[in-house]
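Take a look at these structures.
The following pair of complexes shares a single chain, chain A, combined with chain B in the former and chain C in the latter.
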Partner chain A sequence: MQNTVLKIDHVTHYFGGLRAVSDFNMELPEGAIWGLIGPNGAGKTTIFNLITGVYIPTKGKIYFRQERKFKKKSKDKNEQKGKKDSEGKKEQKEERFYMEDITRYKPHTIVSKGIARTFQNLRIFPNLTVLDNIRIAEHFRVKYGLYDAVMRNKKFKEEEEKIKEEAIKLLKLFNLHSRTYSLAKGLPYGELRRLEIARALATHPKLLLLDEPAAGMNPKETQELMDMILWIRKEFNLTIFLIEHHMKFVMGICEHIKVMDFGETIAEGTPQEVSNNPRVIEAYLGRKKYA
Partner chain B sequence: MKAKETVQDKKIPLFKKRDFQLLVGTVIFWAIFYTLTKFGMMNLYWMHIINVSLIYVILTTSLNLINGFSGQFSIGHMGFAAVGAYTSATLTTIVWNLPSHGVGPFSLFILSVILGGIAAAFIGFLIGLPTLRLRGDYLAIVTLAFGEIIRVVINSINFVGGPRGIPGIPRFSSFTVIVIFTFLSVIVLRNIIYSSIGRALLSIREDEVASELVGVHTTYYKVLGFTVGAFFAGIGGALLAHLIQYINPLQFGFMATIYVLIMVYIGGVGSLSGSIVAAIGITFLSEGLRLGLDKLDQVTPFHVGPEWRMVIFSVLLVATMLYKTNGLMGDMEFKVLIPEEEDENAKHGA
Partner chain C sequence: MGSIFNLQQIINGIQIGSIYALISIGYTLVYGIIQLINFAHGDFYMVGAYAAYFAVMFSAARKEHPNVLIVLLISMTAGAIVAFLSNRIAYRPLRYKPRLSALITAIGVSMFLEYTSSAIPAIGPSYRAFPQSALIPEHTYKIGHAILSNYQIVNMSVAVVLMVVLTYIVQYTRIGMAMRASAQDKDAARLMGIDIEYIIDFTFIIGGALAGAAGLLTGITYPRINPYMGIIPGLKAFIAAVLGGIGSVPGAMLGSYILGFSEVFGMAINSILGEGIAYAILILVLIFLPQGLLGKKTGEKV
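Presenting the complex of A and B:
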């Protein structure tokens, strides 16, 4: 049985009087690649913003699976079980994990819980080097404080070496090693896309949200990106949830697709099912009128 | 595996060459001017200007941490300097009533400077907590307002002299003291900037939303940067009080902040070296112009008093913004101010 990593429970979100997302439900299984598609303005990016804490949903809850840190061994297992039940969640097979309500968490807290994302229109730090872009994402794992930084003591140096080493390793994996010390704004578009994904991975996520990763890419680059995403999932042991307009891409890579239109989920299922769904075709191409 | 090897190859020695160079440079600078004054070969007036310019280095670099590195637009910096100046001057002059010589009073003076910094940092923290949620222009207006509030509050406290200020402050800020404090301030700020904390601040400047979404607690770091900046402003203010021996609330008005702000922007936003160069350069330019314009007034029939300095500064600022948008240094640093381990990563100027 597969475990649910992310559970979105009846989430509705309003912008003033506009209902951007209505009654969105999802249970994302571990290790899966799911896609979210829909015409422009359907509310896809809003879903991402709700998951990552940029917006707080008007209604509904979002849960994310966490590994329980055992401080007192097995003594209060039943207690924890009781807590889990009281929060009204499903019984889990492994008791090591529990679903944490992340609905009202701040974005940086959610990142530290293990959800990382990329952006529709790249949000790289342009005037910083590629290395710094990665090191900033490693930032919340750094264990030294202001005092250590001011004194530049041993702890500081060890931590700095550690994160630099990790960053360079990551850059090598993404073939950005030769760019380590160049300013991010000087990089070509394809490399920026890779850098953004690498930066997201530097936060050590369990769930990766990709917002239109193939935007502005030619067919060859798109194919490479597909291979890369599959490789990332294997290499980093991730669950991936992505938004994309590129049909070939979504159909080729996703195991399960959700289709949104005007904030509503109009269809979901395997790529095959979705592509034959009349409501989906209608949303994308309009009603058959003149044919 | 490979990455591990390369990092270990470049193991940084405990005794760092560049810090040593910086220290030696500072000592030489100190020794030259110290001996010159000792043997009476240095005009005391210009010695005073050197002291003032070094204090401006502290004020400018600390404002640069807020405005340049973390990208928040604060224009209430002199308010914090006022808190530092008044705290330490009140302690040394009114509370302890120290004589200006002796070892005991001197150590109390050092304590008062540090307390001045802490008081300024505390006020900075209190102001930063609610206001740093604001961005850009709004933050500027609020910091301006708070800077003025600090001044007006001091103005109305009779214990510290109200609008009359505190006269007769013992002259503890000797050249040596100021050099040491300036050196330490610059080193501490540099160490903060070239650390994970500094990178967090830079990321906030670059893109606050993205920064939050890669796990930087942006509010925390903005407040931290603001507090550290305020701390050094307080130190600068305290040193200034014990140098010019008289403080009043008007010295810490809005125009004084603008003066420091001009130094930050002409020197280069996000460059410690730029701030150092601009703080020293502009202080000297200002004094040079004062004398020059006075001379000009005497020899020509036109009335060109020293008050025209501000006009010249404005023109200078406009020219800088037009022709060198990022200031003299841009975001480059002198090589000596970059820690060795960051060398490849950082940009360095001349």
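Presenting the complex of A and C:
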């Protein structure tokens, strides 16, 4: 049986009088790639903003799977000794993980829990270097204190060196290392898209949210992106939830798709099921006339 | 020309410019991150001047000689504390409210600080002489026809050291990087794990500390202080920040020195012209160079 990483439980969100999301439910299994589609203004990005703490839902709850941190290893062992029968062990195993209610957490806290995202409109820091765009995402993980930073001591230098090495490794993986010290604003669009994904990965997420990653890409770039997403899932042990208008992309990569229209979930299922669903066809074709 | 652009004027221009620069950096940093024109910023400078005043008086009463560095630290701490508290008490609750609310609140904070200070008996509404010679005995040096006092030397060198430290923090430290990222895109910064409120607190503390230092330096060079002393320099530092391009730290420094020189040279031609020149610059900049000298085009927000 697969573990649920993210659970969205009866979430409804209003902007003033506008119901942008109504009664959204989801249990996202670990390691999966799921898609979220729907016409413009359906409420897709709002779902991402709710998950990442930009908005607090008007109703409903959001849970994220967390590993319980045991304080001492020795204590852990003792507990295990105490429960020798297999049932006790099973209980122990189940207790290691729990679903944490993240509904009202601040965005930066949610990032530290392991959820990272990219944006529909690129949100790279234009006046930072490519390297600093990555380093900033590792910000909250630095282990030295203010004292170490002021003194510029060994601990500080080692930690900073480690972060830099890690950042450069990421840049190499995304074929951006020749740009390490350039200002991000000088990069071409395709590279910025890659940088944004690399930056999200630098926060060490368990769940990656991609908001229209293929927007503005040509068919060849789109194909490369698909390969890359499959590859990073494996390489970084990720669960991925993505929004995309590009049907071939979604159908080709997602195991399960949710379809929204006017805030409602109108269909969900495998790509096959969804693409044959009359309500989905109607929502798309009906809207295309005006687009 | 020789009578206007002489060494004395240059010294005076650098000195006034330095004071404006220390104040305007706080304006520009805060604006860069939360787009608030913090009209109370000039009053942080006043608080710094009074903190220094009391520190010097306290040591004088105990017949001790006050240490300049300690007094500087006290005025910077005082400026930082009022800045921090203003943010926490007055601005933070309005963070996601319309920007005008925070702006009006800033005017409220400014008046609160000015009138509360006047109401405190130990401060009072009238001018007090800053005990500068109890802090540092005066020396003057003649360079050609120009006179340079050690007060001016302290003033300029402290300002320059603080600006170098500030630039280092903003450009080369992790928190500085987070400040720059937050100024470029606050929402993206939050979603990259930056605790934006922590960065805003830090920004107010730095800006307040620099304004506090400017308060002490003013006390040393123009030794008259009162609770309203922050209004005009605050306004002029704001103009300097706009001239340099609000949001840009080098812009604030550049704008401040340009303003300082313009005032000194303008004053040499005609004293009324000198007083008004800052406002003329503001109007001209707003018409012809709304982004300021080093300002960036504001990117659209989505």
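Here, the second predicted complex is superposed on the first by the 264 of 291 C-alpha atoms of A that agree within 3 Å, B and C clash if a C-alpha of one lies under 4 Å from a C-alpha of the other, contacts with A are read in each partner's own complex, and residues count from 1 in each chain.
In this section, a contact is a pair of C-beta atoms (placed from the backbone, for glycine too) under 8 Å apart; a residue touches a chain by one contact, two chains touch by 3 or more.
Model, not experiment: these values are computed from the prediction.
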{"item": "Partners on chain A (chain B, chain C) - clash or fit", "value": "clash"}
{"item": "Contacts of A:Lys172 with chain B and chain C, given as first, second, both or neither", "value": "first"}
{"item": "Partner chain in contact with A:Glu161 - chain B first, chain C second, else both or neither", "value": "first"}
{"item": "Contacts of A:Arg117 with chain B and chain C, given as first, second, both or neither", "value": "both"}
{"item": "First (chain B), second (chain C), both or neither touched by A:Arg104", "value": "neither"}
{"item": "Partner chain(s) touched by A:Lys59 [first = chain B, second = chain C, both, neither]", "value": "neither"}
{"item": "Chain B versus chain C as contact partner of A:Arg135, first or second or both or neither", "value": "both"}
{"item": "First, second, both or neither for A:Arg279, with chain B first and chain C second", "value": "neither"}
{"item": "Partner chain in contact with A:Ala149 - chain B first, chain C second, else both or neither", "value": "both"}
{"item": "Chain A residues touched by each partner, larger count belonging to chain B or chain C", "value": "B"}
{"item": "Shared contact residues on chain A - chain B and chain C", "value": "52, 54, 106-108, 111-112, 116-117, 119, 123-128, 132, 135-137, 139-140, 142, 149, 160, 199, 203"}
{"item": "In the complex with chain C, residue positions of chain A that touch it", "value": "52, 54, 106-108, 111-112, 116-117, 119-121, 123-128, 132, 135-137, 139-142, 149, 160, 199, 203"}
{"item": "Chain A contact footprint on chain C (complex, rising order)", "value": "173-174, 177-178, 180-181, 184-185, 187-196, 296, 299, 302"}
{"item": "Interface residues, chain A side, partner chain B - complex", "value": "52, 54, 106-108, 111-112, 116-117, 119, 123-129, 131-132, 135-137, 139-140, 142, 144, 146, 149-152, 156-157, 159-161, 163-165, 168-169, 172, 180-181, 199-200, 202-203"}
{"item": "Residue ranges of chain B touching chain A (in the complex, touch as defined)", "value": "2-4, 6-7, 12, 188, 191-192, 195-200, 202-203, 206-207, 209-218, 224, 228, 331, 339, 341, 344-345"}
